[in-house]
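A, B, C and D are the chain letters, set down in written order, and residue numbers restart from 1 in every chain.
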């Protein structure tokens, strides 16, 4: 969900032990940050990105602001943090300007770690003491999901930051991937008619996933695997980036402006081969991995070149609901990169859909600051479905609606075809 | 359709005498330009706008390029015009950079008039001689519709240009409007279920209006009149432009950036009253006229403030198909301004809908340059329905899909509510 | 003096009949505008430029504002013109924003002609009636010089506007220049010591040319002709635009930003030869003409490449004061282009000097709006000396201090060397 | 010398023990950085500024590049540092883009400390072994001066970075200053005639301080103290920032663009008093301290308001050469802020002069990369004389020519008057 967030429906989360759940989520964030020096955690490489230490503080502030502050006995760690680590909650008050997040050198990494410990102690205490009512527990679960989103963002942002460095730092050291046999693309057919779409209400979901409602679909087919790097190289070889007929007008303008000629992070080496920057440094492009770091414009152009189109988010959800529970690569801190292409519809890369990010019929934002922004980003963004190789396991859902502006390339995003 | 255009489905137009039809459309353009001096016709007041003389030449080039050039005996008026007056047809070749249209002082107004006469003579001759086949006749009808769109654009652009002048030139002189009795807003209810949407195929339509297809709608209500200036003044008085809770995030950012506090062209006079710039100069805001020159963001914020929402384009079309053929104000060159609010769903102002501009299921672009751009603008734009007080009569249709970016304010656009 | 102007010292002008003088200056402006259509006179091709019709009105407003308004019986032509045609006189009041001058379509060319006639009639009447005192007569002479400056600006701005047109309109039709024999460059030596610099006080001069004062100079030599196109082609062939060692840091940054690889208006044809855009259209570069349309950065880099330097404005003035009254090409409306290089120090092209534009010791601005800006432009501009092929004859002076920002290329500017 | 540097004349430095000199300079840099966390040392708060850790590495690279690399036995610490820490030496090769210095998180602070130790060991060894010839020793002295300049820049940049933080971090904790009795301004007179200007050649100086040469000056007077905060408050109270008549055109444009209404870092508190951000946090403005953080435009406007002018750099140097060796506040790491105003001409704040930064007659750049840029910044910058409260003692000289663009406000710059 990237630079934006959606609020949870205030329903009780059942199942897992909330303390354990909370601590597991928190521990993963710390684990992801361990490999980053204080210097690595400080800068902001573009307006859309945030410093790693900001992510670590912001997710902590979320629990403090929406759960702990309700308790009159809670001692706020530092009142200035409300200003520094609010992301976009207008109702909470003034906040630090987003483009300057990289200039907030204090609190430093060590102090943010202490802040995390302070909040964790209070949270665990409140959870264990049973002091939180259902509404508060729902906010805890929301906070955990919120933090999981920021785990993905933290990795996206670090990748972008490191990619700018002339000598490409390595976030995680690992062996090069060995290319495998190409997997041919097939199609799966689905019948049209009135389908139900959206979260059903058991288990956690963001409120933008509801209300569950009916849509009318025509018959459609969807590809049984993601578009791969090998596919993409064919598109490039066929002049994909130079032939206006495949491109949306805005996408073509972007090409003229930026000179895009390959996916984000790709670089043509002197010997004519392509490499891509990964969280393990610069690596040769592996043909049978799904293409990743393409914008909506590129995904759409590819689909047109291929004589197909992108699926709508509704088609995608119907297909994913039918095709079973297989998962591609989800977050493995020792990999942080998609795996070889499979038949799974969830995992590896987020998939651009043909759908604009709009409210479902009957959508009503929640009350208060938490719910303030349920619909606030519902213009000029595009829906992505699935999940990526840096999405924490358990955070993925087939009703999940991720969204980004059309030109975004630092998302771990690729595509699948429909017709 | 503004800065963008869509191509026609190549089906034969029946009915009217095509020579008469052609000449009537052409004559209206000339009539609209008559009040403009050569100096008025030259500048471009912003990138999205075009000089009046460019509009007059561009629509003429359209007939030359797509109809006349097919005839090997046709003598092209001036080969440089292909470069100068192509708007965005990549397949036609290189073209003059859009932001510099106001710097092309030659050909001048007189030469463009001669160009129009040259093309008109050839067109009339070809039409009268029966030399045009059905495909060509469809292109003529497309060209007529294209020119009608540009008639509206020409007026929008002149209004914008004149509004920048410190002493507001008058395009058309007319008496001030007399405010009438306010008309209360009521609601019309519609049943949900599967509805058919899109052009049915008799008579002209743009191909983005098809294919006709089914959508599933929930029950809905739609307001029986447009939002008026009086309504809007209430919204403003209630802090509408200062309360973040009503605004999409991008809209709120726009307010911070631009300082919007009222619709486009509005100005607060020293006595505290509001005036608006019209094509008849600056005038007091008339309470019972529909509000006009609001962006999508403002329309959406108003709807939220009013406890309602914008209709989807599908709801709008279903309602308009039911409510009869009443028309509000369409283009009257001696008025060029909406009339008092009525119950008509078509006319006065274009109506922002909740729908993003996306292809209908099964949409396939036409072949060649004419059809090149059918879908090329289908990203990050919002659908408007209805028609405005500067839309030429006969150009309006209930299946018509106009579209503009969310922040546009020089369109004659307002809104109606749904719930 | 370009986009800026300096005020005159209020001393009486002797000699010529002021009515005849006034009418001659005014007639030349009209003559220069005759070849321009209303459309040509309307746009502003960049912020630094102004529309031709604006120039024509602004110089007229100058007489109205500073001479005629003093007469209580004078009937102002149109009070709005004070707002529209004030260039930068803060003391006169609010004015139209400079970047939007091209959007002021009204008054049109015809009305501006009437405005000129109105002011001319009043001016001639006042002059003939002997109603103007010495201070007023000095302002008339200042107004005449001001208008002469704008004659040069009008031609610079039209050249820039036409150069943007893909099919380069012709301002004045004339035969191609025939290249002549190259003229070798020699050096003239001058003795150092204390020299006097600045206007001596008889005849008109701008106040930035005074007070006359002493400077200490070392011995120096100055080249006996301007740098030619042939010279410049050698510089280019020797990598002049690609070798950082010749460039000021800001100049090198400009090259990186803009891609400069030749003087302004030059274009490399498909056959490898260079052409330049002139007011007679695109023409081959003539080797023995002085190079023109180079920025200060380029002039400075050339001098370093040549193992020399630019003269200071003081060296230039001392040399010009010694070398006699020869004049190169001044404004000939049927040419508007430098001639073959000669030994004259004045004419053909303005010459960049090494001097920053700063006040002379003891410089004191005049009182009131006219004198408001004597020193207002004395920062971050560079002095040019001489005069160009579009400077009206009689307007040139060896104490004349023209000035422009270092990156300016639309000035008719070249250089001469010193060592 | 700020963002730019000048190279030394390659003459032997006599006097102090070079090892001790070297180590003292290096130790001061480390001392200044000690109070900064790794996070503080990482960001770049604007293009003109650099991260503290970059300063620390860049000055080290200077010794490595220009002194140690000449020794074939020297083991380069890390070859990538040449790319990362070259500031602007084109002859040395490609370098990291300046605006992205804040994104180079690696090497981190610890590694840069190791780099410094590595270079220090090699430098001390080379110096003690007597392996460096006179040219190399001159480069060592240049390197020491270069590092002293960067000590001042480091503090300027940290002040700017901290000032952006909403809760103003403190670099050095100290007691508030107690205002003293105001010191009236007097004038010192000097006789005109031919004066000698520039470095005389004994002891270190940058080559832009020579050659020593003659200038002719008129009689002049110079104020016997700096302009104070109390003076500046009078200027402000008299509408100084709102009255166009005092301002250069570019300065007035800057006011319109930025809204300047007080010196840099000043803030008007709710009670109407003014505070200023210092390296000890936000503090009340002390009336009898010299005003600091004003741009050239403001200094020039103030002088005009006061009925005076800025001295030229030649007048300043003649006056300073006469008035003795008194020093105001120079760098004291426990203060980092000007002291109360005194009669000294050197210290407290850099003083804007009326002079543009131009080469002295006969100036010739040194050979090679070190000398590459002697004159490269000699356009569109303004000379400042004196030294500031963050200039390391021993680095100040009365022939020293500091220079910055006219709009710069993060320099510790103020002014003195002349007439």
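Quick notes on this structure:
Everything that follows uses one rule, which is that a contact is a pair of C-beta atoms (placed from the backbone, for glycine too) under 8 Å apart; a residue touches a chain by one contact, two chains touch by 3 or more.
Here's who's who by UniProt: A, B, C, D = Ergothioneine biosynthesis protein EgtB.
Keep in mind that what you see is a predicted model, and the values were worked out from it rather than measured.
Of all chains in the assembly, none touches chain B and also chain C.
If each chain is reduced to the centroid of its CA atoms, chain A and chain D end up 46 Å from each other.
Centre-to-centre spacing of chain A and chain B amounts to 37 Å, using the average Cα coordinate of each chain. In whole angstrom, the spacing between the mean C-alpha positions of chain B and chain D is 58. Annotation for chain A: no residues touch two or more other chains. Contacts between chains close into a ring here, every chain touching precisely two others. Contact residues on chain D toward chain A in their complex (touch as defined above): 37-43, 45, 53, 80, 83-84, 96, 100, 102-106, 108-109, 161, 164-167, 169.
Chain A makes touch with chain B in their complex at residues 4, 88, 90-91, 194, 213-218, 244-245, 247-252, 296-297, 300, 354-356, 358-359, 361-362, 372-373, 375-380, 382, 406.
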